[in-house]
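Labels run A, B, C, D and E following the written order; every chain starts at residue 1.
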Amino acid sequence: MDTIHACFKEKIGEVLLPGDVFSFRLPESGDGSIKSEKIICGPGLRRNGEEVRVCKSGILRHKQPNMYWIDSQQRRYVPAKGESVIGIVTTKSGDVFKVDVGGSEQASLSYLAFEGATKRNRPNVQVGDLVYGQFTIANKDMEPELVCIDSCGRANGMGVFGADGLLFKVSLGLVRRLLAPQSEIIKDLEKIFPFELVVGMNGRVWVKAKTVQQTLIVTNLLETSENMTSQQRQTLFKRVAEGSL
Amino acid sequence: MTRMSATRGLCMRTMMELDQSCSVLREYGSEQSLLSKPDGSSTFVQGDTSILAGVYGPAEVKVSKEIYDRATVEVLIQPKMGLPGVRERAREQCVRETCEAALLLTLHPRSSVTVVLQVIHDDGSLLSCCLNAACMALMDAGLPMSHLFCGVTCAISKEGQIIIDPTARQEKECRALLTFAIDSAECNVLISSTTGSFSVQELQQCIAISQKASEQIFQFYRDSVKRRYSKIQ
Amino acid sequence: MAGLELLSDQGYRLDGRKATELRKVQARTSVFAQADGSAYLEQGNTKALAVVYGPHETRGSRSKSLHDRAVINCQFSMATFSTAERKRRPHGDRKSSEMSLHLKQTFEAAVLTELYPRSQIDIYVKILQADGGNYSACVNAATLALVDAGIPMRDYVCACTAGFVEDTPLADLCHAEESGGGTSLALALLPRSGNIALLQMDARLHQDHLDALIEAAMTACKGLSKVLDDVVRQHLEEVSVLTRD
Amino acid sequence: MRDTPLSNCERRFLLKAIEEKKRLDGRQTYDYRNIKITFGTDYGCCIVELGRTRVLCQVSCELVPPKDSRPTEGIMFFNLELSPMASPAFEPNRQSELLVMLNRQLERCLRNSKCIDTESLCVVSGEKVWQIRVDVHVLNHDGNLMDAASIAAISALSHFRRPDVAIQGRDITVFSPEERDPIPLSIYHMPICVSFAFFLQGSYLLVDPCEQEERVKDGLLVIAMNKHREICSIQSSGGIMLLKDQVLRCSKIASVKVSEITELINKALENDKKIRKEGGKFGFAESMPKERITTLKREEAPVEMADVKETANEIVNRTETPTEVVSSPVLVAMGTAQVGEGIVNSWGLDEDEEDEPQTEDTKTDDVMVISDSEEEEVVILNEEAQKSTKLSKRK
Amino acid sequence: MAAGFKTAEPLEYHRSFLKENCRPDGRELGEFRPTTLNTSSISTADGSALVKIGNTTVICGIKAELTVPPSDAPNRGYIVPNVDLPPLCSSKFRPGPPGEQAQAASQFIADVIESSDLINMEELCIEKSKLCWVLYCDIMCLDYDGNLLDACIIVLLAALKNAQLPEVTINKETDLAEADIQKKKPLKIHRHPVGSSFAVFDDSVILVDPTAEEESLSTALLTVVTDEEDRLCAVHKPGGTSLSGEKLQHCINRAITRNKEIRKLVDKVTESTKTAK
């Protein structure tokens, strides 16, 4: 009776294109023998009556128990609530900062949404500074809103950063791979030399290593690992490690 | 130059025409994500005809063009020589409305989707090549779409022979030229743009052929996306 | 170029000047009352008028203003009667737009813009009669107008053209010499430091001659700076005599 | 659309890297990015890639009357377009400072340097000359558009061939490429622009700046040169202070770069010529990098047409055939007739009347209703109007 | 109440009618609005006509001028159609250069003229590479209420049938063209293309001859142009939702019937003007 799961499960890891359909019969109501199943459709999947349609090209992914989504190599970011991003402050107006996050609209960030900020004690933020923040409001009909504090009012790693180091852009797919717990790319990279790394869900990555040269190496390695198998990557990293040490 | 390639194509075709029931799509290919600036880009090559497409979106929209409940789609076709004219405007309208029908625009209200198509070389079937390039670029940009689309051009020669994916020379010599856009969900006709006169029978035959050809192009889309994701596990 | 001999065997040019000789320069400042600064300058038969307004608040869109320095806005135009054939578009064509851009860049280098953040300085220059060296006449006139407006600058900006005929550099070209299609170099100089604010060269010249040509133009600019200095001093004397009374 | 703003962090890092003589992509100070020149199937068409910067150039020609001041010279026209594809900051049809700068520099580099023999483009003195039009389209902006555009323009000009013409009396015959081989332009020399970006008040300079480097630069010096070490144009911009020695040093570097690039262009031209001669495959389709995973190509593919006719027939037959019965038009007045029944247009009718159902049988006396609303538009002589009514009744 | 419903939920309002297989203005789905044709409307033009389809009103004036044939086709004259949508015909058009719809319509009309062989262009040529007619067909919309393309094709056809050109000869001695204003003859019209437009509602219901409101609410538009031999001159569908071959065939069949209807209309009007003379 695993109707819905079954048709999804056989496609996990496969490449799907917009317009592909998973059709299933809805369990008839009132029939006690079929338990209503739930699946959660993530990005790239949309329910349309008795079917689920794919609307982005990419690989079908699954997470226990019942989450499915399409993993795609998009470049343009669309804000989503709860995601952490790297923004660039573009203007100060009234009591908010306008922050470029790479979406279709600038996000607003209140002066008070920083740890320890009060009406009197305003945070020291300049135009062009980088902020790491989290979306509290992000939907298609409203201006997105960022905060740099968690629900307890703590910075928790968020706020203004990046006095030095380098900011660059990669695809959203690569960012997700970097942010995955136990990311192999980062593990491999850490073996070469130590560095600081901030990764925003919006495809922006900030890197700082001991020297300019090392920062550039890390940047270039991350950019090239986009289209590499893990094997290719490891051999490349090894060569760099041997060469630079 | 063009003469040579045309004759080459012609030889190929006359051989095929002996069969009388066969027609060929020219050699075709595509490259995705080849430009660094746009959110999505692709080239589509059909024989010598070649189009480069770049897509930005969902991005900021001008206040004057903002629509409160969906994204604004703009399509620009840049000719290789001179400035765009009325013919380009008509093509832009076709491509724009096809994109509008395929994209799920209500998911990104008050934003813009801009598709820029640059003609690299015109050797026939230009509109269908524009459509194919636009579709690949939209896919590359990861914009939500309800279905894919592709373009197929058919020419009807003076003898009544249907030639699929004609070259510029064949287009010039033909009696009628029909371009269709076919959707991937039901294989129905999204766009029909014709010149010259033809019978009802011929129209329906061309539609049927285009639907057949579209299957190959959709398979090509799938193969190229598969190839692209082949290194990610 | 074939018909005309630009440099005679005796070393004289078309208008009887020696190779390094400048045309006669006459100038007056404060020619208009309503402007903050103005100047009229004749360099041979080339006549230019420059008017300066500002520094004042930025006009038009707010977004143009810079938070750390003043914006310089230049507009170059040529009177419809200034050339042999009537000019249909006094400004707005490619050449005039480029000239405006060059003037802007020249004065951005010379004016101490950082003293006036969030403000704007307008420089309007008009060529009344064109006989070669339009750019240099404009720069020289605008410099006088800026001095007249009391806007602080690093130094005078002096500009002059130079050409190259039969291995000899010619200073300060007139229209006949320019239109022949030979080499023509326009240079704006801050004479005291020897810094070049703008350099532009047209038509072919062998690399080995570049040094000599630039040197000739620089010498000519230095010569011009003396003339400009005299004009300013004379004007100040006149004014101070008047105010003393 | 707005371009992504430059953060203070990037600015500081870039300047620091420049001070340490390091560049983002690992290049040395005087290194160019990879240059790739590919020619299209048309003559005079090429794409130049300079790193990730990409431009397309097409040369075309047309017979036009010459300029009054130069009756025996052909006309060179340059137009560079910043396609909105190249960067979100580029708006269509806007004269930005960058656009003016690039167009003028291109004109100066290629027209004022007299690299093309314009007199050979004259067909009939004072009446017809060739106008050579050079269209440059920027497809992707990753810095140093000037150099890419100049390389593309001179490559395309060298590749271009114009149709041959014959003059007989006052008639000019233009031959198609099949009739007579087209003729290449006579090019005296090949000027190429080399851009130098200056940083930190002119104390550091870089060749071929990428877009990020351009965004933190103080100023730019563009030197156009040919391989004979002749300078064709110099242009400084951006309000920087230069010293004479810097200019001379740049001109020395430029001469080295120019000879390298010229060689590259010549090699590409020769290669293209060779392939054309041998009848091999050429054009952009051939230059697609097949080894990339983002690229896929398909050979010519037959489309099965066997059952197409049956399908078409089936569709045509399945639907009902058009009716032969057609409602006849009604002549309202001389030169005016109407077809169709049901509602009447709302002209001259009150709102209330509109709601009333129309039940008249049109074929007989609909005329009265119509003529009521039409009479103002069409002047009808009474006599004729009656005649026309009769006519319609007879039908 | 109904008016309020119509303004607030125009789509729902239309759907409720379509459910009953009729339309808000009382028509059936496959029914055209009454079409009125008047010719010789403008005496200063060489040929003119006015067409009304329901409220949609277009007028066409043809001006013939003598010119040199284009160098790439020295034995042919040419026709320059232009569709103007001035702000007076609807609030949705703005003054200024022609908008996208007007440009697309002009291009479509030009394509129809070219595809249908309406007029043999060679007959417009008077002397090879020297002199030919150019017909400027300016079509102006006076009231816009949908279905512009159908109206444009009818008005163009009627105006061309109405047009009279003076006889022109080239004087051998002076090499100048001489027009004989007294001797005027009509143009030879080879084909009679007639268009039928359709609107697709909610991806499924097909309406014929849509009004402006129906056009704006529909998901796709289709125009089929046929000639008297039931051949197709254009099947123009500039995007929108997709249609199957069968649906398209239905539309074509409707268009063929419409062609007969309009041909009779045009013939009748032409006949009436002839008899008047």
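Brief remarks on what is shown
Definition applied: a contact is a pair of C-beta atoms (placed from the backbone, for glycine too) under 8 Å apart; a residue touches a chain by one contact, two chains touch by 3 or more.
Note that the coordinates shown come from a computational prediction; the quantities given were computed from them, not determined experimentally.
Touching chain B and chain E at once are the following chains: D. Here the largest set of C-beta contact pairs joins the chains B-D. Chain centres here are C-alpha means, and the one lying farthest from chain B is C.
Centroids of chain C and chain E (each the mean of its C-alpha atoms) stand 61 Å apart. For the pair chain B and chain C, the distance between C-alpha centroids works out to 54 Å.
Put simply, the C-alpha centre of chain A and that of chain D have 37 angstrom between them. Counting partner chains per residue, chain B shows two or more touched chains at residues 33, 56, 59-60, 112, 183, 185, 200, 204, 207-208, 228, 231. Within chain D, the positions touching two or more other chains are listed as 2, 293-294, 311-312, 315-316. Within chain E, the positions touching two or more other chains are listed as 230, 245, 249.
Every pair of chains that touch is listed here: A-B, A-D, B-D, B-E, C-D, D-E.
Touching chain D in their complex are the following residues of chain A: 88, 90, 100, 102, 126, 128-130, 162-167, 169, 206, 212-213, 215-216, 219-220, 227. If you check the complex, the residues on chain A that touch chain B are 13, 15, 17-19, 21, 44, 46, 53, 55-59, 71-76, 78, 103-105, 140-141, 172-173, 177, 227-230, 232. The residues of chain B lying in touch with chain D in their complex are 1-5, 12, 16, 21-38, 41, 43, 45, 47-48, 50, 52, 54, 56, 59-60, 76, 78, 80-82, 112, 114, 116, 118, 120-121, 123, 162, 164, 200-201, 204-205, 207-209, 212-213, 216, 220, 223-224, 227-228, 230-231. Of all residues in chain D, those touching chain A in their complex are 2, 4-13, 16-17, 20, 22, 24-26, 293-294. Within the complex formed with chain A, the residues of chain B that make contact are 33, 39-40, 56-61, 102, 104, 107-112, 139, 141-148, 183-185, 221-222, 225-226, 228-229, 231-233.
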